[in-house]
Every structure is written in C-alpha cells, then in structure tokens.
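Taking it in order: structure first as structure tokens, then the write-up.
Going by the order they are written in, the chains are A, B, C, D and E; count residues from 1 in each one.
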C-alpha cells in the first residue's frame, strides 16, 4: 500500500500521491517536499523506489528484510534510519515491536514497513498543520515522525512497570498461597520484555544522539534542539527499563526467600504436629501392652485418667510450640 | 502561586513581586536580578511566562509535564535545568522526589514546581544576605538554590542507610523467628528506594559537572569552584547509594542462607524427635502382641522394666543427638 | 588441498590454479587478482606460500596453529585476518567454530584453514558473478567472504535461541516432573554455547569496525559501506548473544524457585497426609488399651461408631487442608 | 593541638612551632618550608588558619566537617587534598578510617584531622632526615605523608584477607555443624569492610594519578615518579579489594550450597530411619490384632520369630540404605 | 646466584659473566649487549647493581620486595618491568606465580627474581641462536623473554579449564551422591585460581599493549609486531580466564539447583513411603481394638483377608506414586 504526500513549498499546499509512477516528477524538484509511505510493499515496488531515488542496494536490502537493528547510516545521497514502533497487544499482553525503515533526504522522506503503524495519520496531521515550519525542510517531518513513535513507548513501559509493581505488591500480601512458582515465571516474562525493549531503546537513543549533535546539510540548524527533546525522552525510557531490569533480579531473589520461608513454616507445623501426635500415641500404646501385672489397668478411672493425660499433653505441647512460634 | 524578588544591583536592595504582570518592566534591565518562583502554575501563567521571557516551547513543555529527567540544556537565550528535591515522608517513610524546573539567564532565575518546596525561604535568605557577592550575578543564586537542595539529600540517604543497617543488625541477633520473609521484603523496598535515588542523583551529578567545567558568559568565573563543591557533595551521595545498592544484594543472599540454616535446624529437631518417639513406640507395640508364649509378659516387673527401658532409650538417644548438636 | 583462482582484470576472465608452483608468475602482476585457498596444508606448503608472498613469520605461525583470536593485523606488505565460521553439528548439536586465516593484499587473498568450509564455492560464485565490481579490487572479494561467513551465524544463533525458549516454555507447563535438574543443566550447556559464540563474535565485530572505518590504500573507498553492512549484522548477533546470556541467568534463578516451590508442595502434602493418618491412628490406639473399665468397649455399636468417627475426622481434615490449599 | 615545624632552606635546619600566632612571620618567606599539623582544632583555630593563609571558605568548610570524599582540588593559591588513614581496631576488629585534610602550597603543608594519626612522628622523621631532597620543595613532604599513610593500608587489607581465607578454609572442613548462618553473616561483615575500603581507596588512586601526571609549578619534576610509586601501591590495594569483593559473593553462594547439601543429608537420615522404624512397627501391629484365628499366635516360638524377623528387616534395610549412601 | 651473558655485537660472539664486579667494563660499551640474571640476590648485590647501572631507588625497592603488580615504568635511563611466570605445582595443583623484575635499556637487560625460573636457559638459547636479529638490540631479548613466559601460561590455563569441565561433566552424570557440597567447594577453589590469574594477566596485557604501541628510542621499529604477537596471546588468555570466571558462577547456580532437586526427590520418596506405611499400620490398629462386638474378628479368614487388604493397599499406593513419579 502506498500513501504519498507532496508539499508545494511556495504555495504551502499539500497534495496526495497514490501511484509510485507519479514520483519521478517530484524527486528533484527543489520546491517540493515529498513523503511516501509504503506498507508491506512488493519486491517490485521497493525495486522501483530504489531506481527512482537511486537508493543504495544495501539500504534497500535492509528495507526488504525484517529484524534490523535500530541505526542511522549515511549514504552518498540519503540517510537510512531503522526505527521501531512499540505497543502491547491488548489481548495477549505481548510486546509488539514493528520495524520502520526510513530513507531521508533534503527533498523526501520515504518510510517502509511491513505491518500497519497507527500513528501515521497523526504524524501527517502534525506536519500539514505546522505550515510555518515548512521551510525547516524534511527535518521537521522526521522530528514529528520519531517524536510520535517515541511517545508511544511510554504507555508500553508504564504498563510493564505497573505489572511489575503489582507482582511485587502481591509478594507483600500473599501468605501460604504457594504462588512463588507463578511469581517467578511472571517476573521472568516481564524481565524478558524489558530486555527486548532495551534492545531497541538503547540503539534508538544512539540514533537521536547522532541527530542531535550532527551538523547536517539537510536539516535546518534550529531542528537540533527538537531532536534533543526526543533524545531526552528516550533516555528517560532507557533509564526506566534499566532500573526495572535490575530491580527484577532482586525481586526474584526476594521471591525465592519467600518460598524458603514458607517451607520453614510448613516444616515447623509438621514437626510440631508430629511430635504432639506421636507423644499422644505413645500412651495408649503403653496401656495396650499385655503384661499380666499392669496396676493402672485395674484402676476404675484409669481409662479416663489416660484420656485426660493425653489431652493435657496435647494442650501443654501446643502451648510450648505456640511460644516458640512454631504454629 | 507566584513569589518574585528583584534585586537592584546598584542600590543593593531587594523588592518583592506578587503579580506576573509586573515582570515585563524588569526582564531586560541590566541593573536588576530577578528571581520568580511559580508553584503549581496554571497553563496560562506558564504561557505568559513563556511569552514574557521568550522561553522556547520545548522547555516550556518540559516545565508543564512532570517526571522529567534531571538535565541541563542550553537554549539560545537561557539555560534550562531540571532538578529534584528529596525528602522522606515522616509518616509512611516513602521517598518523595519533587521536580523543579529552572530557567536561568544573566538577568533572571525562574523556578517552576508542582508541590511546595520547603527550602525556598532559606534560599532566598542566603541570597539576600550575601550582598557582597551580588555582582557575581545569577550564578550565586543558582548555587544557593542547588546547594540547599543537595544538602537535603543527606538526611534522606542517612535515614535509608540507618534502616539498612538496622535490618542487617537484626539478621545477626534474631533466632528462630522466621522473619526472613519480612527481612527480604524490607530489603527489597530499601533497594528500590536506593535505585530511585540513584536515578536522580547520577544525572544531577552530570549537571553539576557541566556547571563546574563550563565557561559560561552568564556566570562569574569565581562561581565555578562553588559548583565544584556541590559536585563533590553529590558524588559522595552517589557513592553511598551505589555502595548500599551493592551491599543489599549480599544481605539478601545472607538472609536466604539464614532461612536455609533455620530449616536445617527445624529438620534436625524433627528427625531427632521422630526417631526417639518411634523407637519408644516400638517397644509397647511388641508387648501388645497376642502371642500365647511371650515369657516377659508373665514376669511381675515386666511392665516396669519396659517403662524403664523406654526411659533409658529416650535419655540415651537424647544424649546422642545432643552430641551431634541436633537439638 | 589447494584451490586457486586468478582473475584477469582487463579481459574479465577467471582461471583456476591447482599447483602452488604456478603462483610466482601472478603475485606481482597488477592486472591480476588472485585467490588461493589452502585446506589443511602441510607445513611445507605454508612455508612455500610464505616465501612466495613474503609473509611475515609471525603471521605464518598464527596460520599454522589453531585457536587464534579473531583479529586483524597490519603488516608491511599485507593484512592478516583471523575469522571463524560457525555451524551446529546436526547430530550432537555441538557448536562447531572453524578458524580461517586470511592474508590479504591489493593483489591477492590467501585463505588457510584446517577443516573444510562449505561456503567456499558460494563465495567464489559471488565473486565471479559480480564482474562490474572487479575494479574495486580484492576488497569486494573479502566482503563476499566475510559476509557469507557472518550470514551463517544467524541459523546457529536462531537454533540456540529456539532451544532456550523451548526450555523456558517447559518451565511454564511442566508440573511435578522434577525436571529442574535437567533444566538447570540444559540451561548451563546453552549458556556455555552463547559464551563461546560471544568470544568469537565480539572480536569479529571489532574487525569489521576496523574495516568500516579504515582508510586503506588497498581497498576502493566504495567498499566501506559494504563492510558497514556486515558490521551491522554482526552487531545484531552480538546483541542477541548478550541478551540471552543475561536472560539465561534469570531463567536459572526462576528454575531454582520452581524447584523450591515444588518442594513446598510435596512437604504440604506430606504434612497434611501425616496429620490425617496419625490422628486416625490415635483412636484405634485408644480402644486397643487393656483397661478393665472402658465403657465404650461394651457398647454394641462402639466399633462401628469408631469407624465412622475416623471417617469423619479424615473427611473433616481433608476439607480443612483443601481450604488451606495444602492438597 | 598544634604541631608545627619550619625548615630554613639555606641553613638546612628545622625548628618547631607551638603557637598559631607565630605563623604569620613564615608564610610568605621563600627561604622557609612550613608544616603545620592541627589535631582536633577549634573552629577559631581553623578560622585563624584560614585568615593567615587566605584559605578559601569552601576548603575550610570541608576541613571543618567530617566524612569528605578523598579528592584533590586546585584553588588559586593552594591545593586541597582529602585523604584517609586506615587501621583495624585491635579489640573489635572494626575498620577505622580517619580523615586528614591537607592544604598544600609551594611554601607550606597544613594538615588537619580530628583524631590522632600515629604516623605523624615517622613522617616528620623521614622529612627531616632526607636533607638532600629539601630543595625539591613541599612535594617531597607530601610524598612522605601519603606514602606512609598508604603503607598502613597493607596490614589492614592483609588482615581482612586472612579473615576471608580462614572462613573459606572452615567451609572445607566443618561438617554437620550448622555454621552456615554464622559463616554467611561473617562473610557479609567482611564484604562490607572491603566495600568501605574500596570507597576510599578508589578515589585516593585517582588523587595519586593526578599527582603523578600533573605538571605543577609547586612540585619539582623529579617528584612525579615518587607519586607514581604510591599510585602503584594503591592500585595494588584496589586490585586486592576488588578481587575479594568478587570472590566473597561466590563464597556466599558456596556456603548456601553447603547448607542445602547438609539439609539433604539430614532428610536422607530421617527418611531412612522413618522407613526402618515404621516397617518394624508394622509387624507387632499385625500380631496385636484380636482375630480369633491367627495361627502364628499359637506357635510356641512365634514371638521369637517375630523379633528375629524385625531384626532381620532392620539389618536388611540398613544395608540397603548404606548402599544408597543414605546413612 | 648471578648468571650473566654479554654479546659482542661486532664479532657476534657470546661470553658469560659470573661475577658482579665484571659488569662495570660492559655497561656503557656501545658494542655490547648485556644480560644479567640475579636469582635470590642479597641486598648488597642489588645495591651494587643499583650503583653500577644508576638504577633509581624506587625501582630497586620494587625489585627487593615481592608481590608487585605487573607494570612497566619509564625512568630516565631505563625501563622497569614487573612480570610473572606461572605454573601449576605438580603435586598440590596449587597455582604458582613467580615475580620477575626486569631493568631494561639499550645496552642491557637485568632480570631479578626470588625463585628459580625454568625457562631461563631456553630464553638464552633463543637469543644466542637468532644472531641475525642481534642488531635489533635488547628488544629482541625482551621479546624472547616475555614470549617464553607467556607461552607457559597456556598449559596452566588449559589445566584449570580441564578441571572445570571435568566438574561440570560430573554434574551431568552423578545421581544421588550428595556431592553438591564438594562440587561447590571445588568450583570455589577453581574460581579463585582464575581470579588470581586474571589479576596478573590483565595488567600484563597492558604492559604488552604499551610495548606494541610505544615509539621507543631503545627498540628497533621492527620489534613492535613481535610484541603485538605476545599481546595477542595474552589477550587470548585473558578472554579464556574471563569466560570461565563468568561460567563458573552459572555452574555454581546449576549445582545449587541440582542439590535442591535431589532434596525434592528424597522428600517425595519419604512422603510416599510414610503414607504407604501409615495406611498399612492403620488396619492392624483397627483390629487391635478391644470392642466386644467386632464381627470380622470372628470370621475364620479375617486375619488373612486383612493381610491381603494391606498387601493390596500397598501395591495400589505404589502404583499411584509410580504414576506420579514419586518413586
């Protein structure tokens, strides 16, 4: 699917393009900014794009294959940027990272991605609305693009943070539920998501660092502090991700101690109960012996005395174990 | 709430401002230093401030939203600093980090924050008292400001350190209390607070490093060693935080070993008690059998002999287990 | 085994060489690119190669001995590169890393290795096919060589990642299988393979970083972005390896908690079952006593009442322990 | 307490000073080196010192308050150094770190500390003895000072290392003593001392690095390799401290495994003993039944056969469990 | 013990020296290379050496005391290098690191060490054999020296690696042997040896890095790639040591999980056996009761029926527990 927009700088008007064949007339026109978005393009469409804009085969190859690292690469006639959009799938809670490949130049921004990116309309709106920044060139468009993508990371990270804190909160209140196994596995899953996030966030921070400090002929100078603003956001994300990655290890350790402590409690219960019941059983055992001469057996209240003795021992031992806090 | 003060450099007098509308007359006056503090400003007040002092929209946006990273950013006509005040809530013991956004220039210091900051009066006092340093410009005011904020971190860190050491001390004295679970969770909570502190302290150290080594046109040269003094304080804080973050992991490991050791003790008690009681129970079991020919049963003192045998076995086994230190 | 190919630049033709003695005529011929591959060469063959191309004894020594670190070294008249090919053995799943030593110069590429490398034919094909890049020199040949080797790491890493995730998935579903021991040992084995990979991947990334940023007289300028492409791939590999090396530690910790939790469950079962059975045993014990006066014994339905009592206690205790979730 | 010494460079004589009021005559005299040591000075004495030598208020403030970080700071007219003396208290084994603040200049060395430092006499002796190095200036005095302080760290670190190794040695020999709890807590205490040492040693290494590589107008060039010698010593200290900090974590892990293994042993003992005793108890239970027709009961040797059977089962089971190594 | 050799560059002959007094005639002779090795020298011999070659007292002091860090230090008239020889003691398996102090200059190499170093003869042989490299100066002698020492690390590291892998292999095959304690302690010992190795290998790599990149007036340029060759070897050593130091922590964790899993197994056995035996014991208990009316007791085959019932319950429960894999 192709969605193209070109902007006539002089007239400050925006027009849409729906066919790759229209592109050739705009690409070297200094009065025009062009944004072409290709969703799930065929190999032929990408090849056509490559020929039209003289894109280097290595960059085209990266745009064709999924799972590139976030990066910015300078080519003779354009910059190539790989960035990721992030969101959590509503149903499964799975972390969904969608790759976007960007070709960028004084005149155009070409974006290529497999799966639909929901922010695209908003980005377009932001671009067409800020007419007074049009003469800042394609940099302001790239800024709108990356800023919107990075803003979408915050709800994702916040949701993961919430899940982490919820699990930790349960650690404090659950008692005797044997949930340590589930807790450990949930922590493991969360840690993996933080690691996956870190893997795209850290190189994306590097991209924005490059954009912030780069003296480029294709961007207006005033755009640098805008990229610094995104850099700031993504650094905050990276800090959060690192903090929770670190904290989750300690939470796992605490969870193990909780499991160990629960076992201690169970074993104390068992020890106390066994001792009481075995002591109780000893007495009837004694009076079940068949010796001819056991004086107590003839005593009329012997049986009741034994029952009371057993009751007394039971209560006494319970008191002792209570004091030791074994119950 | 607005609290403004302007200083007439020539006359060395201080005057207060209570209305944002008064600001326009001072802002470009070289004979005046201006400090405006906005607590919980409305969007309109911030916008007015922005227009008055030509603050860049990106900086204003950061001042509007909470949870920025501590940072220092240079704009064309001002510096923008994000810093955090820290204190522990008296009742809950929660770590309270309050963001302050600072706009700084040769002529003015503008501070914006959501929640009340208690140090403000003290800072103002320090500023109006040191009249002889007035010609050092707004730098000395920024120094007073940051120095007071950083000094407030020490009681916070000391309290956390005290809590940590108290928990560790309990590890050494508690015995058989099954507190390992609580200990683990307390350690986890503390570790999280240290991590949260680290997250603001480390970038704030970077801010002060920048201020110490920066050749700025807006600060007097002599101010640099003052910022170095704060840098020194905050480095000390960062060291303490890192030391305890590291140490807390080991304390957690030690706590787990304590839990494991306690379990060993319980199991030894149980093993010893079970063996004694089962051995004891075996004998009455034997003499409870209904064989026609069990010679001992006819012996007049058989019953008493058995009781003594049981007592003897019990004492003997207790001695053995005592020697093995199983009791 | 020797497999040589020389390319006549002017005529754009390729010819094969099968004897080391033919080499002397090509080595200083500016019109010729030479690629000689020696598999499992004798010491004499290597010495001959050394004399023919004036290879430094230290480089020759490294080519003779196995287990060099991946590296690139500049000598007066050539570059020396050590690189590794990777694959997993189909049957045992063992990680197989095969060292390749490369001597490189404007005129020639000499590759030396002990064991067969399957990619060689494909590499040769890529070289002889891209005739239009011939004037880029031996750099394009080195590129083809390294690119093919690095591409082969992806299926290896993917297989290890799959194995890791499979083990993790089992953690979530296995119950009461006592597989924690096997899981721990499998995780240990996998972690070792990731470490072994990391040990070659990290220095190989350094090699490609050198090649990407190096201003070399022997490579055409345009080749640098090709090396950058391989650098990008190998960085992705290094990221994956590091992520799983980190994650595997947490998986091990989670596995330990699973083991601990399973133990808790077993002990709860045991405690509950012991208490029920001991309580049940106490009652027949009581009515097995030989007191002359035990009124119940004479009651006609005493025996059945006792059986019901035991049944009732059993059911009651089961209900209690169910509620406590000890069963 | 004040202890001052001044050295007349020309006459190569040393004279002592006992009153702060004498200082004014020496401070700007180029023919004199001055060393003033203040132990536990009053605020007034420090203020007097500050006025006399024009010490910056920030440095004076650091000298007034305890617990500064080790550091070196350059002021206009002097260097300010914070360093720590270390020793272990003989009775409690507590690590005692004593802060020393040093003001340094071409003409003088001023040392300020709260608690007595035992090395001072030795340092003075070293200084007054090496008359031929007098013209090297105050640098040789600073060298003597720091070298003596650093040399005192070695017995401290050696003692901690000895304690660590002693605990580890006990791990190998102790058996069934349930000392894992104590071991864990001792390791924790030691680790904390290593961390505390590290916290002063690492920044002190930085101080000596600065002194080694600094081109200072106040030191003779030849002194640099002397500071390098101390740098070398303190790097060795830092290496040792880091090695043991790392190793102690593993020792803790090993200690936990020892605890776990001990538990395994106890449980095996318990399992084996329980099975033997319960099997033994089953047989008398059977012959305690009241069935009218139990043929064995009438056999004359039935009772003795049962006793032999029980003995046989006991021995047989013991043999089995021995073979399984459960005893 | 002194062992000296001097080489007459012009005549390319080697002569031995056996007395320190002979040295004065050679030390400033440009036609001569001198190598003096002092084993376990007296203080007087070292002092004499110091006077003869004008060695700086700080370097002499380092040569006098043991346990220096590996380092290279430049003095006015010579380089001072501290290096370690490594081997494993054949009997105890202890890691033996022997310090060698080297004074180096255009004209001489002086080596000082406490304990005998076995490689010395081989080093001398390598030097006297390569006559054609004599005009490269003392650098080629230093190269021979360090190369031989570093080559000796490989069998040491290989032996430690073998021991590590052997322990890991046993983890996979041992079952029910309760060897986790011994395994943990062996892993701890090995980890300590790797740490000790790392402590000398890492700074020695720095020494060789300095030698590789140093433009020195005393070495011929061509020697640099020789030092790079040693640098390469020692980097490989450092990589191996780091890999196993990392891996050993995971092996320890796996070992703990094995211990935990073994405990699970024991407890399952115990739980299953207890339940079976207690259930079995319940039935004879019931028929041991003295109720007057227990119909079964009068049944002729009651006793046998009960025995069959017990056998049936036993078999049934064994089948159930087998299915649950508790046996």
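Just so we're on the same page, a contact is a pair of C-beta atoms (placed from the backbone, for glycine too) under 8 Å apart; a residue touches a chain by one contact, two chains touch by 3 or more.
Keep in mind that what you see is a predicted model, and the values were worked out from it rather than measured.
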Co-neighbours of chain E and chain A - touch as defined: C
Equivalent-chain rotation between chain C and chain B, CA atoms, steps of 5 degrees: 145
Copies chain E and chain D - interface residue numbers shared by over half, same or different: different
Inter-chain centre distance, chain C versus chain D - centres from mean C-alpha coordinates, in Å: 41
Geometric centre distance via CA averages, chain C-chain A, whole Å: 25
Chain B, residues touching no fewer than two other chains: 253, 256, 260, 262-263, 267, 270, 274, 278, 281, 285, 288-290, 294
Topology of the chain contact graph, where touching chains are joined (line, ring, star, complete, other): ring
Ring topology as an ordered chain list, initiated at chain C and continued via chain E: C, E, D, B, A
List of chain E residues in touch with chain D within their complex: 56, 58, 61-62, 67-69, 71, 73, 75, 176-178, 180-181, 183-185, 187-188, 191-192, 195-196, 199, 248-249, 252-253, 255-256, 259-260, 262-263, 266-267, 269-270, 273-274, 277-278, 280-281, 284-285, 287-290, 294, 296-303, 306-307
Sites on chain B touched by chain D in the complex: 168, 171-172, 225-226, 228-229, 232, 235-236, 239, 243, 246-247, 250-251, 253-254, 256-258, 260-265, 267-268, 270-271, 274-275, 278-279, 281-282, 285-286, 288-294, 324-325
